[in-house]
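Chain naming follows the written order as A, B, C, D and E, and within any one chain the residues start at number 1.
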Amino acid sequence: MTKEKREILIFFIFTLAVLITPFFLQGSYFLNVLVFIGINTMLAVGLNLLLGYAGQISLGHAAFFGLGAYISGILTTRFGLDPWFALVIAAVANGALAFVIGFPILKLKGHYLAMATLGFGIIMFIIFNETVAVTGGPSGLSGIPNIQISSLIFDNDLRNYYLIWIITLLVMLFSINLSHSRIGRALRAIADSEVAARVLGVNARVLKVQIFTVSAVISAIAGSLYAHTMTFISPASFGFNFSIELVTMVIIGGLGSIYGSFLGAAILTILPEFLRVLRDFDIIVYGLLLIIMTMYMPGGLISGLTRIAEFIVGKIKSRGARHA
Amino acid sequence: MDNSRQLFQYILSGLSNGAIYALIGFGFAIIYNATGIINFAQGEFVMLGGMFTIFFLAFFHLPLLPAIILAILFSTIIGIAFERLAIRPLKNATPLSLVIITIGASILLRGIAMLVWGKDTHAVTAFSGNDPLYIAGATILPQHIWIFAITLLIIAANKIFFNYSIVGKAMRACAYNSQAASLVGINVKTMVLLSFVISSAIGSMAGIIIAPLTMTSFDVGIMLGLKGFCAVIIGGMSSGLGTIMGGLLLGLLESLGVGYISASYKDAIAFIILLLILFIRPEGLFRTKETERV
Amino acid sequence: PIKIGALFSVSGPASFLGEPERNTAEMMVTEINKAGGIKGQKLVLIVYDTQADATKAVQAANKLIKDDKVVAIIGPSTTGDTMAVIPVVEKAGIPLVSCAAGIKITEPTKKWVFKTAQNDALAVARIFDYLKKKKISKIAILTVSDGFGSSGREQLVFQAGKFGIQIISDETYGPKDTDMTAQLTKIRGGAAQAIVCWGTNPGPAVVARNVKQLGMKLPLFMSHGVSSMKFIELAGDAAEGIILPSGRVVVANQLPKNDPQKKALLNYVENYKKHYNVEGDHFGGHAYDAIMLIKGAIERGSDSPAAIRDQLEKTEKFAGIGGTFQYSPQDHAGLTSDAFVLVQIKNKGWTLLK
Amino acid sequence: MLRLDKITKIFGGLTALTDVSLEVRKDSITGVIGPNGAGKTTLFNIVTGLYTQTSGDVYLGEKNISRFATESLAALGLVRTFQNVELFGKMTVLENVMVGLHTKSRSGIISCAFKLPGQIKEEKMIAEKARHWLEFTGLIADAPNSANNLPFGKGRILEIARTLAVEPQLILMDEPAAGLNSQETTQLAVLIRKIRESGITVVLVEHDMDLVMDICDSIIVLNLGKKLAAGTPREIQENKAVISAYLGDS
Amino acid sequence: MLKIKNINTYYGQVYALKNVSLHLKEGEIVTLIGANGAGKTTLLNSLSCIVPVQSGEILFAGESISNLAPSQIVRLGISQVPEGRQVFKPLSVEDNLELGAYQHYSSRAGRAEAKNTASMIYDLFPILHKRRKQLAGTLSGGEQQMLSIGRALMAKPKLLLLDEPSMGLAPMIVQEIFRVIENLSQEKQTTVLLVEQNARAALKMAHRGYVLETGKMILEGTAAELLQNKDVQRAYLGRDKKEIWER
């Protein structure tokens, strides 16, 4: 099987799994968790394009998520816009913002970039918090309408699940396509050696800004969807901690792997659910697991799992060979 | 109240806070310069310093000085344990996975501190009283003097250590290329451990001397760590003058921002100005421009 | 058994609310079960931590309703979390007795949502009332930029006119800030006659110390957010003379004998001290009230969610920790301005200000 | 083809190049030699826009490219290799060359993300051409390997393959033979000649005199940041100044 | 003084060295030649314990050293000039040299000694003296190579491992370096293991040589023998210089 065919097959299986999962979870609250996994997957995939491919860190990605959510929330609650329309505006506005700030920010390298994006995240967080008249301030913005397609209102977990996951799958598909294209290769080249890439005619500056923009647009879409499924948003969800959590998802999952980002998002979303029974000990176990996972799978879950899978396949094969 | 006195108070307050940020920033710089790791758990050592001090003061009723010494000692032991258990066993880890490990460690340390010492905030008595000192009509506390003095001391010591002592240079060599460093006979593992020892000692020291002002609780490390992180980056990750300039600048910007623009946007103003400066000087504020060679 | 869910921000930035609330709720359930439960049925309390994060609150609420199948929910601790879970409980038809203070929670009235925490509006009114009596008309406010502070600030600004008070400077500080001298210096530069600070520990303690450091002589007022011994401990000498509105819990033994709440208060304080070795505060009181209100509702009706809701709405003259509750179809908050008293800190303790 | 006019470069207090002027003829192989630290790599860095000269101008054909950004030079047909090999280590050998075809393809983010028909066709073209260049340089067997695991010498060849993929007019090579043994160097000489024959002008910096004298049409000698001599290999070998500054008397 | 017996080294699943054996006598210059990817660097790195050896034995002065830490190897008196000039770019030239003598810095005598060695190295490479305050990262390629060699010499090793020391150096400097190597071996009794692409020059100077091909040692002999060997001539020696220049 060629590499390309295998990719298609994997995506197909993944899609199938996503589509049938709800049938096993009728009425369980877990469906609700899966909705959030979908949103986080979208975010992680978006950030992975930037971090995993182009090698550019962002410690302020929650800001784009929040901006998407707030633009959508404000336009629908205060101006009565249709949620779909609001989503599009949120995406476009975020893209425009990312494009504009992208040029000066991405000129920075290493720590300076980390700190600039962190600063951007903090600035946006403060704006969400302080512009009380517009955003509702720290106590949040409520009454955001659900998304609607003619008479179908996405107001329960099952409907939201399909809405979010179909969009998430599309985002994943786009990202996979992108990674196998000239753009994806150029981005990885920039991450490895920016000078060499530039000498070969890759316009690193513009390309970095472009991918930053794409990443921001994906985050905005996720944010908008989040606002319309939660129907309530508050700044606390879009702070520095969440930015860090997103970076963690991408790295724990595996840099540069789209399915890795899904795994990372899934683990970090589900983990707190399981740790809930530990009460106050949850934070300790969470920290510990984070360390252990990274220690034993430095390349991320996806490479760890691949290694384990290869090991098992190898074992089976060698056993088969012995029998033969 | 005349304007110049007010301005002077802003400057003084800004500088005092800036010195705190700088001191915390040092811990980051040291580990970074010796290992290339950005230690997101650094803020937690600041917390540990304060919490251990409280612990020895309140539960064992020790006098201040022994309590401080013990607090630094215990924090350092935790620093060593962290390095031994989570950093050393790693083989071919990427810088980013190390970042995640330090984030994990910070969560873990914070969690343990919360379980052991509870969620309450605690006050620590000042080293030499709470009577404000008047300087040209503006006031600071004696504790601020302590902070300035110790910050200066630590900078001087660092500068000498990293630029003039062979061990300091070896630590920098390790950070740049650990394989080549081992080829000249530097024991890389020892260097990494040493950097954790120094930075956890300095971090806890910072936590101790600022606790009388800021009070302390299991989660003070987050915000202070963040500010220290910014200070050290503004300063170009240097373990010398750059970081103190970074810290003071951040403190000043915050204080003047509150005074003349808006308190609500204090951090935002500070960051906007920093970003603008970085946009003009992408290679960092306090670093001489050096071209990357190919 | 009767399953009741609870959502408290036990960890995270609002743990000062969530922790005493959880402790109180658990203590109460133990007590109730020891005394034979409700109508002979044992009470089971399932507590989840929201970490003051709306997303987590919603997930936890969903779990309580769908997995644990609780008949009522108490909490969340913060207004933000409460606003986030309201759509969930409204859709599922499960009564929610919030322990958060935001006015938005019960205004407009929502079918399934009640609350026990006193509105900030009441606390502000108490302070302004006092200021007016003392003929202070120019004040500076210094509020924390989190949910608690911003809702307090809203009320301070909103009610000032009504009391003929002018807000000369309006400053804020961040929840984790460790130095407020810059804000205070700015206030000092104006003509304010008093400072009102709105926040929860440790910020106000820093403010009190900074006021002292700067040698400012203006009277300092705080919110009910710091009415616990912890504040006095943190602010040290700087706490002396500060005036604040508070639930009656901190001055329980100074109350007149005929005070309807006195019995419940003394009982609660003593019990809490016995269980947890620290003073109970009025935040824990919110959970006490929530549990007792639900208990009352079940006793009067049955343990189905709908019955609990209907009976809650009919609650009359329940003398709890936060005040005397009186719900009605139009009012799901249930308290009047006498829920607060003004206290002053003297000699490291509380004095009831008449 | 390429003309430098009075190039001067100062680093802080250190003058790395002083008034260097030179010309490279079309379809020639020009060698740039000189002692270590003479300024050869600096010269390349200036021509390719990685450094900005303190003064002087660079012309490609008639065009003054002094202020051109590095990435726009590739489109004009000017590329280079690096003294300290700069491979895209985490990518495969094939992908490395495919990056070289970046300027030969157009698809933007949208058409890549949506796999529009044009993009699919273009991808095919890229893969085909990349394979062609790997065959041309004899690296085809290593195509699927990770570039990081390539032995040093092959890494140098891969850099050349990558630049060839740009289909340039002019390649600047910085010490292409460093780290190659004599047999490999001979193969390299063959490859460089083949490149020239396909109509590409080559400028190379090299310390392997056998190679330089063997393949270069003309040679420029730098010393201490100044042009010391220029001429045919023969002339250079006999130049006293060059012998004493660089070649030695072996 | 050095004996390598049947060592095997892998990268993951891939063999890099198969049953390689080699020995060095005190004061000897031995050269290791082989094509790209033959495993020369891997062999030196195995010796320095940077790459772990899976099986086999390495004896230095009679002691097994195969499981030591790289820093201990240096203390025993083995120094390596690594492939690709791995200088400490953010440090100055001076500091780079100083770190070369890291192990000697614990004693006062060692420090004084290191100063002497440094001035000897500056004499050897005067350009380094001119650049001594400059950051190593801004040096030209050849200057970095000189620095890398100088740094290894600072340790005053008993056994010097050189991985392509002439790479990127001007012909005159190459001659100079070869002269230094010969001097070291003659005057200081330093043993040298030299990996060099310029096989002819290396063999001319060396006492003995080994030929490594795809991880296996295929040939061993005195330098003269190898120079005469037809296979070696074809594969590694190429045409004679003169031949080309005369054309």
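Everything below uses one rule, namely that contacts are C-beta pairs under 8 Å (C-beta built on N, C-alpha and C of every residue); 3 or more make two chains touch, one makes a residue touch a chain.
Since we're looking at a predicted model, the values are computed, not measured.
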{"item": "Per Cα centroids, the chain farthest from chain A", "value": "E"}
{"item": "Distance-maximising chain from chain B - centres being C-alpha averages", "value": "D"}
{"item": "Rounded Å distance, chain D centre to chain E centre (Cα mean)", "value": "29"}
{"item": "Computed distance of Cα centres, chain E from chain A, in Å", "value": "49"}
{"item": "Centre distance in Å when chain C and chain E are each reduced to the mean of their C-alpha atoms", "value": "74"}
{"item": "Cα-centroid distance, chain A relative to chain C, in whole angstrom", "value": "37"}
{"item": "Interface hub residues of chain B, defined as touching at least two other chains", "value": "114, 264, 267, 291, 294"}
{"item": "Residues of chain C touching at least two other chains", "value": "11, 145, 172"}
{"item": "Set of chain A residues in contact with two or more other chains", "value": "130, 195, 280, 283"}
{"item": "Sites on chain C touched by chain B in the complex", "value": "11, 15-16, 19, 145, 171-174, 176-179, 181-183, 185-186, 188-189, 201-202, 205-206, 209, 212-215, 230, 233-237"}
{"item": "Residue ranges of chain B touching chain A (in the complex, touch as defined)", "value": "38, 40, 86, 89-90, 92-94, 96-97, 99-101, 103-112, 114-115, 226, 229-230, 233-234, 237, 264-265, 267-268, 271-272, 274-275, 278-279, 282-284, 292, 294"}
{"item": "Interfacial residue positions of chain B with respect to chain C in the complex", "value": "1, 3, 6, 9-10, 13-14, 16-17, 20, 114, 119-123, 130, 132, 139-141, 210, 213-215, 217, 220, 222-224, 254-255, 258-259, 263-264, 266-267"}
{"item": "For the chain C and chain A complex, residues of the former touching the latter", "value": "10-11, 13, 47-49, 52-56, 58-60, 62-63, 65-67, 79-80, 83-84, 86-87, 91, 102, 104, 145-147, 149-151, 154, 172"}
{"item": "Of chain A, residues touching chain C in the complex", "value": "27-29, 32-33, 36, 129-130, 132, 137-140, 142, 155-157, 230-234, 236-237, 272-273, 276, 279-280, 282-283"}
